[in-house]
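You will see chain A twice below: alongside chain B first, and alongside chain C after that.
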Partner chain A sequence: MALGPKTAVYIVRRLAQAVPVVIGIVVLNFLLLQLAPGDAATVLAGEAGGAPPEYVAQLRERFGLDRPTHVQLLLYLKNVLSLDLGYSFRNSMPVSTLILGRLGPTLLLMGATLLASVLCGVLLGLLAATAVNTWRDRVISVAAVIAYATPLFWIGLMLILLFSIKLEWLPTTGMEDVVAFNEGWDRVLDIARHLVLPTVTLSLFYMALYTRMMRAAMLDQRGMDYVVTARSKGLSERLITYRHVLRNAVLPVVTMAGVQVGSLLGGSVVVESVFAWPGLGQLAFQSLFARDFNLLLGIFFLSACLVVLVNLAVDLVYLALDPRINVD
Partner chain B sequence: MPQSFWRRFIRNRPAAVGLAFLVFVVVVSLGAPLFFAGDPFGIVGKPFLPPFGAYLFGTDSLGRDIAAGIAHGGRTSLMVGLVATIVAVSVGTLLGAFAGFYRGWIDDVLMRFTEFFQTIPTFLFAIVLVAIMSPSRASIVLAIAVISWPPIARLVRGQFMATREREFVQAAICLGMTDAAIIFRQILPNVLSPIIVAGSLMVATAILIEAALAFLGLGDPNAMSWGFMIGAGRSFLRDAWWLCAIPGIAILLTVLSINLVGEGVNDALNPRLRTL
Partner chain C sequence: MSTPPAAANGRGGPPAATNGVDEPALLAVQGLNVALPAWADRERAVSDLSIQLLPNQIVCVVGESGSGKSVLARAIMGLLPAPHVHVTGGRVLFDGEDLLQATPGRMRAVRGARIAMIFQEPMTALNPLMTIGWQIEEMVEIHLVLGARERRARILALLEEVRLADPERILRAYPHEISGGQRQRAMIAMALILEPAILIADEPTTALDVTTQAQILALIKELQRKHQTGVLFITHDFGVVAEIADHVAVMRHGVLVEIGTAAQVLNAPQHEYTRSLIAAVPALAPRAKRVTDAAPVVLEVRGMTKTFASGAGWFSRARRSVPAVKAVELALRRGHTLGLVGESGSGKSTLARCIIRLIEPDAGSVRLAGIDLSALTRRELRPHRKHIQMVFQDPFGSLNPRMTVVQLIAQGPITHGVAVPEALARARELLQLVRLDPAAADRFPHEFSGGQRQRIGIARALALKPLLLVADEPVSALDVSVQAQVLQLLADIRDRLELTMLFITHDLRVAAQVCDEIAVMRQGEIVETGPTAAVFADPQHPYTRELLAAVPGRNWVPPRF
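Showing the complex of A and B:
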């Protein structure tokens, strides 16, 4: 696939199609959150140990919560479309500043997870499929079935128990050792050490899924005509596997990985809570209980945009991997 | 057919083991009030008693019997998993059937919906739903069902679109059968097996989601659950690992056995597809 004008048109069209979906998500969540008991004003008043109703009313007026719902919604949409995500009264900071501060850690965790799960999944699937019904295949398949059934948050705790508490190899929580004031490569190394357990925890489920998909896809492809052709023209099994079958079998895994970016973001809420990882998931969770709806809506908006972009990127990778697919 | 199905299923060793364990879990869970009478939140002895002593799985930080918690928690997990799946599969099947049969605007709306649920982080959405409705068994079931139905609808839609063109359906249309009769009496029985398989695997996913919600403190405060036990034991991981380890193993084994049964059903329903 060349990056010609056709591809550019395709990218623009895809982005345009995503706009109504993203707006729909914002509107739906906005309306849902209106149904929640309590708002930011009551939470703030409650934390102050109770407040007279006049004060709560005053807070509402300041936050703009006293206006009718549809006015609030239209105002919010107008702001979002001009990329202004509003103000978090709870944290006394603009929502965009808060979110951008947390975006880095989440992207780091998600990127590492995506990379680890796809690479290991493809590799393990390949190892299993090239040795069907031997002990190697059985061990990998059984491990995948078990990993597929393991609750993320639990395996995270068990990894902390083993590697941080008993063996003391890796740090328990957080993203870096803040009091160590590491700089340069020391800091990178420190963050990498903190990243290992959360990444393994979040990858495990997806790795299991991709391993099984990869194995099935490899076995599926083995019976195809092009493999028979390759074999009859005298190619070695190795060459057939690595040059022909592998490329075709990777496609469904790549698609699946793209589709699951949204679910990965959801899963990171749990993992971030287990490892006290300072990411978007934790921020979303805290904002929900503080009734900080501007912040929560901002996170939903941003993660929807993120999913759209990653899906688009995955489709472009797909185009590059499979020249048969046409952008039209 | 049912007899040969059963024979094929039971000959599949992992599926048979899974089924046996699942039956065990169901018996223990349903019999929890008999085996472990009294409130699972009640204090029975000293806190932090290790497992395999006076109490099978020991006691937790408040001196509650962990084995009783596991048995009663199983009721919550199985109930939530089952009911949420039934709701999600019913809604998904109905919408998927209409979309696949009639196409048109129902189909468009459905596809937009699926896109929507692929774009939103579903677990985060479930958290918001539960928090809005305030945590209870009903709200948890509803939240899980809301995020689970779209894949079923997509699956059923595809099946209906393919089956709609088959000759027996065309014949039924020519005979003047009503749409409802064609959908529910002609097509649905023919596409039931993938729905059953997807549904049985969904029970496992629903149990995992319920456990994660309870772990985060969004479980029903009046019902003991495995996720809640892990969440409550978290702070004592260093000194009392079994508070977290045991409920997690219960979740793992239950979900694993449901998955094995689901795959066994799949293999037994489609003997021709079983090439591996």
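Showing the complex of A and C:
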């Protein structure tokens, strides 16, 4: 494939197809949240140590919570379509401002995680497959199984315990050392140091998965006819691995990476809470307990858009890697 | 070529290494032994095998599956799947050098540059993610130091030589973007680009259509003569042997049973096994018509049309439509066998599937014994299903591996309301009819060979006492000797039960043996139809003539013993 007009048409078509999907998700989320008991007014009243029913009713009226559900839904949809995500009464800020402020850290964490898990997974799988049934292969395979089977939050806590508290190599929480007032490269380095533990925690599971997938795919591809052809041409094993097998074997990993992105946001709720990372996951966690439905819906909306976009990106990568995939 | 001198020269064909010519051999395999892993069904893939290849000579190695012919080729190239399959003795002398003793580095220098290889399935033998041009260029790049422009000139010249039209486009194309014939031409170009002394061809035309096969065989022969290459040609098909071989070596269970010139082996085989193999090759001469036109019409197909659409989606119209069957008309009388002949993609399988409504046709009607099946709904059709039964091509995929043989056969009648004990008893009888041991009834399909499984498939189809049997390439996955047995069985059963049969095949030899009438299909249309003998003797349509001319070894009449 080439990035010709056909690909452009394909991208536009995919984006157009995404619109009804995202609207569907918004409606579904809205209706699901209606099922949850309590609303922002009761939570606010409860935090104030109790309030007269008139006060709660007044709050409801101010938030627009007293209207029938379908009117609220239509109003919300109208606002979303004009890209107005509403107001978070809890934080006294527009939802879009809140979310956009948290988007950066989350994208940073997601990107680092995706990159780390795919790169390390592919590399480890490659190392295992090129030395199959030797000690190298066994060490990698056993490590992969352990990482695969260990719960996410536990790994996070253990990493903090070891690297932050015992060894004091890495900071425990947050995204940067705010009081240090770092500038330029110092700041980048500081953020990078804060990024290490959450990234490792979030990426370990998928790294292990990709290691196993890559190893299996490499061994599978080595048995293919085109490898025999390459040998019959007189290529060395090294060239066969890097020129012919690697690219074919990486395709299933790319497919899986698309699936991973969807679950990354879910995983980041736990990890951002554990490491106090100021991202969307943490915000979602807080807004859920505050019954701040406007904010929660805004986060869901953005997540849906993100997943749609990343899936499109993964498909484009696939298109670039595999000439057999046709855009029409 | 072909039409070798008819009679034997009286000399016994000893299974020895001599080719009867006093010329230094290009390649001499001496006493080669290749061991199989402990779990294999025999100890050695190749036993004590000796064979020679002279310059400018084509040696065909013939054998059925499991004969060790491909292992021989890979042993010469040093491409055995070590450590499970490995050489345990013998020598492979090439230019006086024993390749079995060569270092891996030395072997890499020999492979491709001095001994090149082409394979059966060019689609899988080429890397799907790399352009044809790149894959050919890689061959030059790893063996020679040449500038990019010189490399390109050389590749383009060779693509021209293998007669690939529009070579510039082929160079940029990925394997899936060109046809099977073009892929094999590209493979041949890749193999010959460094002018190797030896070309090893492992069933290079088996996956191709018959007309393409004829072109590729002609091309290999032409290039071999031009470049004086020695060719070791591995095949299971005696027709191909008759087309191309100078010398023939016959292998069985890893042992060389006979070797000699093509004329000797093809026309006066000495060894019992060679004789039985050649006897199993169906003659191209059509059978005499054994039925009359007085029988009632069982199947009548009118205006059958099926177009496959693809690419339809939410936001898009169907972009491509592939007409698979175009307004086909057929009539089949009771007791007749109609052969539906055509190359891959001609629509013959789709037509069969439309007739039994495994696929819903777009238009057209099917009348079976006077009942218009196409007017029935799926539910109404169900009781009529038993009147048409099908035998499938793949004896491995078409039997449920979790059911015993007797269950498989009795399932159809039980579904149609026959009492279980009666159906099971009848299933056991049917096993005898298809000449399988009734003791086999309670075993599972994987315990049987391909030919036996195809017999089970036939018994299953017969269990419903169908009016019409549709056989979709029933023997094309089988070895030639097994194929002969299954064809014989089908013929016997047909005569005994007065079965009407629609027989789909790409193999004109098989069609000649089985069919009373044939219908030739191309691109979804029947271009010619008539009694087999008449069509073979005097084909009217140019495509039929082309097909007949492409049958490998058409000028060779297998001797009968």
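Going forward, the second predicted complex is superposed on the first by the 328 of 328 C-alpha atoms of A that agree within 3 Å, B and C clash if a C-alpha of one lies under 4 Å from a C-alpha of the other, contacts with A are read in each partner's own complex, and residues count from 1 in each chain.
By our rule, a contact is a pair of C-beta atoms (placed from the backbone, for glycine too) under 8 Å apart; a residue touches a chain by one contact, two chains touch by 3 or more.
Predicted model, so just to flag it, every value in this text is computed and none were measured.
A.B. asks: Examine A:L31 and indicate which partner it touches, taking first as chain B and second as chain C; both and neither are also allowed.
C.D. replies: Neither: A:L31 stays clear of chain B and chain C.
A.B. asks: Looking at A:V145 after the superposition, I want to know if it touches chain B, chain C, both of them or none. Which is it: first, second, both, neither?
C.D. replies: first
A.B. asks: Now for A:A131: first (chain B), second (chain C), both, or neither, which partner does it touch?
C.D. replies: neither
A.B. asks: Tell me which of chain B and chain C touches more residues of chain A.
C.D. replies: Partner touching more chain A residues in the overlay: B.
A.B. asks: Which chain A residues are contacted by chain C in one complex and by chain B in the other?
C.D. replies: none
A.B. asks: Would you mind writing out the residues of chain A in touch with chain B in their complex?
C.D. replies: 18, 21-22, 24-25, 29, 32-33, 35-37, 132, 145-146, 148-155, 157-158, 160-161, 165, 216, 219, 259, 262-263, 265-267, 269-270, 273, 281, 284-285, 288-289, 296, 299-300, 303-304, 307-308, 311
A.B. asks: So in the complex, the part of chain B that touches chain A is made up of which residues?
C.D. replies: 112, 115-116, 118-129, 131-132, 134, 204, 208, 211-212, 215-216, 227, 230, 234, 237-238, 241, 244-245, 247-248, 251-252, 255-256, 259-260, 275-276
A.B. asks: Note which residues of chain A are touching chain C in the complex, please.
C.D. replies: Result: residues 13, 16-17, 224-226, 228-236, 239, 243-244, 247-248, 321-324, 328 of chain A touch chain C.
A.B. asks: Given the complex with chain A, which residues does chain C contribute to the contact?
C.D. replies: 77, 79, 107-113, 116-117, 119, 121, 124-130, 138-139, 142-143, 174, 176-177, 187, 190, 311, 314-316, 319
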